[in-house]
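Each structure below is given as structure tokens.
What follows is a pair of complexes built around subunit A, which joins subunit B in one and subunit C in the other.
So, the complex of A and B:
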């Protein structure tokens, strides 16, 4: 391969309208953050799909590993009492 | 986890119609198959900009020109969604582009045909985008999450592509006799390549059965082709244009249109590199890529100077 510039990868998050959080929509390559923002606008919001964009260097994201998925999320698995449906309440009780 | 357990878990997810996500364990063959398919799909979107791009400067009105620019720009976007889906599988976009340039990865053979008249732009929107949509809708439920999500975005945008093509062709086919003849000529040339866009016949397709088992594909090529013909045949009547297939007719008993056999030798020839425009399409892509090198270098130099996130030369 010829000597090539490798542009870093950016993850793109878009707020589609007021009141909603930014959602991950995909990734793209760009030399810097400003270019990444402009590219994200052109790639992901050609039909007014967003009113705010975040770009984050993909390399900056720390992810939980799927291999440790079971033990990692295990603490939540046996705590059914965190859910309202865990509790037995007499049928005649209303609004509880 | 034990490799056998991993495979059992993977198969279980696929069979339960769950999505496989980038960091999940997956069989090497699944990964390879997806990279091949997504890369080929991405290259097709990008190379597919050329036949229509050919008419942007000569569109007959400002309205048509604005529409055509928006469509071609969408295709660039589709290519980017797909490259980013492929990259989640551990390949680099630059590698994929190198492979395209080296002829080791393909793009859809349909883009190796020339756009000879303005009517070709309408015929492409109606037939080529129509066939692409037929192929892409089931891919929205593909087992690989990032590919499926890219397809949802693509399909949303594609519907305007087919409609604008139909509208443009309708204007011609209901215009002067010369315009009607031009529209008919375009349909004569694009009909069969569009049917072949849906891939070789099931008997010859090497990847279909495995792809169906992995739920990457949901329908065989021949099933998709039937769907496509069932969709466009009645539309051709509205256009008052005649598809170049003497065997095309409604079959009451089957509830489908019957249609003739594609020229599979032609498909093999064009896929093999011997279509009317193969060399031109690839050469154009290579030169556009090379001519853009200075822009990438300048942007990288600027970024290195101003930003904490560095750019590495490889």
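So, the complex of A and C:
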């Protein structure tokens, strides 16, 4: 495993079956998008984990910073009225 | 395997089974040594696909020749002269470019072979081929992607890919040889005509090489013998390594 040139990092998203959304499953290195897609197929779908793969350059992802955690997320903590817990949900509605 | 009266179809399936097993072992030798973790997994995935194809073909061979010989007996209890794989698949891994070139040249051949076998009059062989086509399509895609990137990459990667093709090219002639065995299976509709495969192989390989800015090597040296059990020097060492555990502990399991 030589480390002379590190290939770019890619984030991998896999949809396990129709109707569900793509979920983040991990990351890997690859020289370009097409190779990243193939590497993702080889590394993450060996056991029939999915039917669709997305790869995204990790550098293209803008992430929230841990430093911003309080202003970002804390204000939602005491606003219970935002949760739809005050409504009666019909039994037939399984996934809401 | 020196019996003369054996069904040529059994010899034919054994040749392809041995191709699969030997290349599978060569690729497995990359395990933990590939240029990257991702490539390590990719190469061993291909190795496992080929091992699966080998197993199915050994089983079919034993039905056709009536010996009932087990998969393990085929893989571990035959000597070098009994193996009838082509010389191309036994060639050493070399650098990554050599492994990619070997895979490109062989997977192209294998894909065309499996496609033809999909219409085999031997329905079991046809079923094995139908499953293998999907696997080999991916092997060829993997080899093609790397050939394009190494060939049309840096000066160094281009030179290594060129050298790899030149090194392996002589061994491709053997893939399209005909003999009494191929004549028989082609006549019975068990297999496709090797000469007809040649045209498809040529155009497929040429297209990849052109796109990868690589030249098709030319050679007048065309070593042969693998289909008759006459192998290159490196094969004996590979076989010794592959078989030593089973020979030291016959019937070993885990």
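The definition used in the following text is that the second predicted complex is superposed on the first by the 80 of 96 C-alpha atoms of A that agree within 3 Å, B and C clash if a C-alpha of one lies under 4 Å from a C-alpha of the other, contacts with A are read in each partner's own complex, and residues count from 1 in each chain.
The working rule: a residue touches a chain if its C-beta (ideal position, glycine included) is under 8 Å from a C-beta of that chain, and two chains touch if they have at least 3 such contacts.
Since this is a predicted model, take the numbers as computed values, not measurements.
Within the superposed three-chain model, A:16 lies out of touch with both subunit B and subunit C [touch as defined at top]. Using the contact criterion defined above for the overlaid structures, shared-chain residue A:8 touches subunit B, although it does not reach subunit C. In the superposed model, A:45 makes contact with neither subunit B nor subunit C. For subunit A, the partner touching the most residues, choosing from subunit B and subunit C, is B.
Once chain A of one complex is fitted onto chain A of the other, the partner contacts of A:63 are limited to subunit B, with no touch recorded for subunit C.
Subunit A residues in contact with subunit B (one complex) as well as with subunit C (other complex) are 1, 7, 28-32, 35, 42-43, 46.
The touching residues of subunit A, when paired with subunit C in their complex, are 1-2, 7, 28-32, 34-35, 38-39, 42-43, 46.
Interface residues of subunit C facing subunit A in the complex, by the touch rule stated above, are 35-39, 41-42, 45, 141-142, 145, 149. Across the complex, subunit B meets subunit A through its residues 1, 21, 23-25, 70, 73-74, 77, 80-81, 84-85, 87-88, 92-94, 98, 149-150, 157, 293, 296-297, 299-300, 302-303, 306-307, 309-314. Touching subunit B in their complex are the following residues of subunit A: 1, 3-9, 26-33, 35, 42-43, 46-47, 57, 63, 65-67.
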